[in-house]
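In what comes next, subunit A is part of two complexes: it sits with subunit B in the first one and with subunit C in the second one.
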Partner chain A sequence: MIFIEDKQMVIPGDVLADKEYQSGRGTFKEDDKICSSLVGLVAIRDKKISVIPLQSKYIPKRGDVVIGEITDIRFSMWNLNINSPYSGILPASDVFGKEKRDLNKAFNVGDVLFLRVVDVDEVKKVKLGLKGRGLGKFRDGILIYITPTKVPRLIGKKGSMINMIKDETKCEVVVGQNGVVWVKGDPSMERVAEKVINMIEEQAHTSGLTDRVRNMLFELLGKEIPEKEEKPEETQEATDEEEENGEDLIQ
Partner chain B sequence: MITIITNKILGKDSTSSKRADGRASDELRPFKIEAGVLERADGSAYLELGGNKVMVAVYGPRELHIRRLMQPDRAVLRCRYNMAPFSVDDRKRPGPDRRSVEISKITSEALMPAVFLEKFPRSTIDVFIEVLEAEGGTRCAGITAASVALADAGVPMRDLVVACAAGKSEGEVVLDLSEAEDKDGEADVPVAIMPRTGEVTLLQSDGNLTPEEFEKTLNLAIEGCMKLSEAQKEAIIKRYGD
Partner chain C sequence: MGVTIIPEIIRESLNNLVKNGERSDDRSFDDYRDIYLETGVISKAEGSARVKIGKTQIMVGAKPQIGEPFSDTPNVGVLMTNSELIPMASPDFEPGPPDERSVELARVTDRCMREAGVVDLEKLCIIEGKKVWMIFLDLHIIDYDGNLMDAAVLGSMAALMDTKIQEAKVVDDEVVIDPEKKVPLPIKEKALMCTFAKIGGELIVDPSLEEEQVMDARISIGMRADGSICAMQKGGMQPLTKDEILKAVERTGEITKKLMEHLPQNNQ
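Entry: the complex of A and B
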């Protein structure tokens, strides 16, 4: 028995289905019933039911690429705010290798870095690293914070959404899986990108978003809105199986 | 001319109610719940219940810096119930007092069974309940609004906790006591439940009731909770349109 439809909005405590289905993310099992634990949209894949939350906090996971801001310098590591209930640490050895140097000279408090989550242990100590293509410090630009679960929506299918923003605003845009977006370009263009990204966050749970984003971009840039294309590309939720790849997003 | 308000004028069945505001014994005061009212909080809710106006802000799960409070296997749920100085007729001295410390504690204990705290070890979820106007039953209003705010913040929960009081006033068992009924009445029983399973997460009883009356009061309070629960759900769905 199933009590809900795909993409229906549910709230905590709603009964979704009974035991013939599997309980996925955002759900829990109780007395052979599968219930939602979040405010979100239902996603049914085969026999697995999950709820994609409309609002969430970033929980660090090994292998994620994130954007963090340095909050403290300690004896042999930096502390970073990664927009999560858990702060991250970047060991000095990761930056300098064996050699001992002054940490202040490399990064200072307030610097924004693009990092990879190297390890998360059982007490949620988050180890970060800078090894990898495109990882490092950002200079200038602005930061925009969105809900981490809406990151796939912002990127779109194979990066369609994010590439459109990049092309139209001529900005560099980097998205961290922790919901932090870094935008650098002409200051007025940064503002446009910020507005568009905030709009995507607000309307992430609606369909036909790509078209509306395109229209909004053109409107903000004062361009003519081109004739409507034949097929409305990607009217459905892109939240589905969007595996975003951090490295692809670096210019 | 002084009009004496009778149940006939209010269009109510005159036999059903002796209450000052003309409500039936199992009738709630008019209420309204709204979610997502604060810009900078992770989650928020605003609730009106009769003359009560309550605003709740939720922050978190977020980093907990106070090490002695930290739990290695779960999050801590911290609640602060606060009454604004202008919330009552005589100005209330600002700051926590014995009553608000108690309500903060029972609120957090009423909400805790519903929240999946074990998903966020070593962190904290902070709930701030501000009573802007008080007219009896603010602890229940606070709990009801707090669980809407928690859901709005995206905190995983087993169910939306909902609270409502019932009691005995002028010899009759009544639902949702107003301030006057609470002060002059014989008993006040605030109850919080998780409506899906019916688990009781808060049960207090102030005053004198016979066992039969208590049972009747408890059932009446649960009935009231169920009505409020519907409004909670609507408020969350309305927050995201359609």
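Entry: the complex of A and C
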């Protein structure tokens, strides 16, 4: 038996379903009943029930791309804040190879980098790397922080949401899986993008978001709102695990 | 006190915004965030207030007690301010003994209240040299999103106006308090504080946390209702020019007038 609907908002302790269902992330089992352990939205996949939290912290995972800022320079590595309870390290060898050079000549404290999580060990020591297309240091632009669970929503189905923002504002937008977003373009357009992204974060749990984002974009840009195209989209976006592939960055 | 590293990108983008005459939350340089003020929120305190400026939130409680006056001022009551930066308010706040910011906040608030002569302390004397009312103001920072000082002073002002003390009489050299009869504190002046942050060469009012983190300097000016200055505090690493300070004082006059409207009007 199931007591809730897909995408329904639940609070900790809410009973979600009976034993014929499987308990997924954000839930726990008590007396053969599956209960929520978080404030969030229910996601039902086949027989598996999980709860997607409304607010969360980023837990590093191998292969993720993240945006981090350098907080410290050590003997052979940089320390980075990756908007997470765990800090990351970037070994000097990853940047210089075998060569020996001054670390602070490459990156200094306060620099913001786009990185890949190379490895996370059992004590959550996060090793980062810069090998890959588009990874490296950001210059100029603005940073926006959102809750990491809302990153898939910001990107949208096959990047639909993020591409719309990019096209309309003519900004470069890079999204890290840790909830940090970098935007660069014309300063007034950066502000438009910031407002839209903050709106998406606020309303990520509601449906029909893409249309509202489009309307908001047009309104902020002072454009005519075109007639709505008859396209019933937007059914499963909240759970799309789209990956942002690092857009072309100026190194 | 933990040093937070601010990414260069944020520092630059905020600086550029201010240079273009804008702020990240669309306010003008003289605008406060939304202010919310409520008094009488703590039933066990004789006076209390909860103040919110944007997401910054402070609870203020006033607790009167009978005690001995200081020997150099035998006929004057006592007003003392304490502040607590609880770890719940910000990841930067640590439990333990009060740090620099906590002491600064309490002292600046205290100075603003006392130097302005907000409470007529002489009326708080019961027996000269022996018994006076002591008012303890406690500031509890619930949420920290920048500009604690203005919020603390606004909250303290409201809490003091809300405070009622029991009537104390002297019978045969003994103090007798009448728990039934309560009188409001003798308030004779109103004072508020206005804080400016210097970013990108401009002075902006009511800095948010983000703005406080990138500011070059800060100046807080306490002002009485008639426009005279009662307290001033400078913070941050960079200097301020004479012109900047004079301009800040001028702007404070207009801004505190608007802030006064938030205080409860019913007083006496």
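Of note:
One rule holds for everything that comes next: the second predicted complex is superposed on the first by the 234 of 251 C-alpha atoms of A that agree within 3 Å, B and C clash if a C-alpha of one lies under 4 Å from a C-alpha of the other, contacts with A are read in each partner's own complex, and residues count from 1 in each chain.
Going forward, a contact is a pair of C-beta atoms (placed from the backbone, for glycine too) under 8 Å apart; a residue touches a chain by one contact, two chains touch by 3 or more.
Quantities reported herein were computed from a predicted structural model and do not represent experimental measurements.
In this overlay on subunit A, subunit B clashes with subunit C. In the superposition on chain A, A:Gly97 contacts neither subunit B nor subunit C. Judged by the number of subunit A residues each one touches, B leads among subunit B and subunit C. With both structures placed on the common chain, the touch criterion links A:Gly222 to neither subunit B nor subunit C.
In the superposition on chain A, A:His205 makes contact with subunit B only, not with subunit C. Look at A:Val39: by the touch rule set out above, it reaches subunit B but stays clear of subunit C.
Remark: of the candidate stretches 40-48, 148-156, 202-210 or 220-228 in subunit C, the one overlapping subunit B after superposition on chain A is 40-48. Taken together, the two structures place no residue of subunit A in contact with subunit B in one case and with subunit C in the other. Residues 5-13, 16-17, 20, 22, 24 of subunit C are the ones touching subunit A in the complex.
Per the touch definition, subunit A reaches subunit C in the complex via residues 69-71, 81, 109-112, 138, 140-143, 182, 187, 190-191, 194. Residues 42-43, 60-63, 72, 75, 114, 116, 120-123, 151-154, 156-160, 194-197, 233, 236-237, 240 of subunit B are the ones touching subunit A in the complex. Subunit A contributes residues 9, 11-13, 15, 26, 28, 30, 35, 37-39, 53-57, 59, 85-87, 123-124, 147, 205 to its touches with subunit B in the complex.
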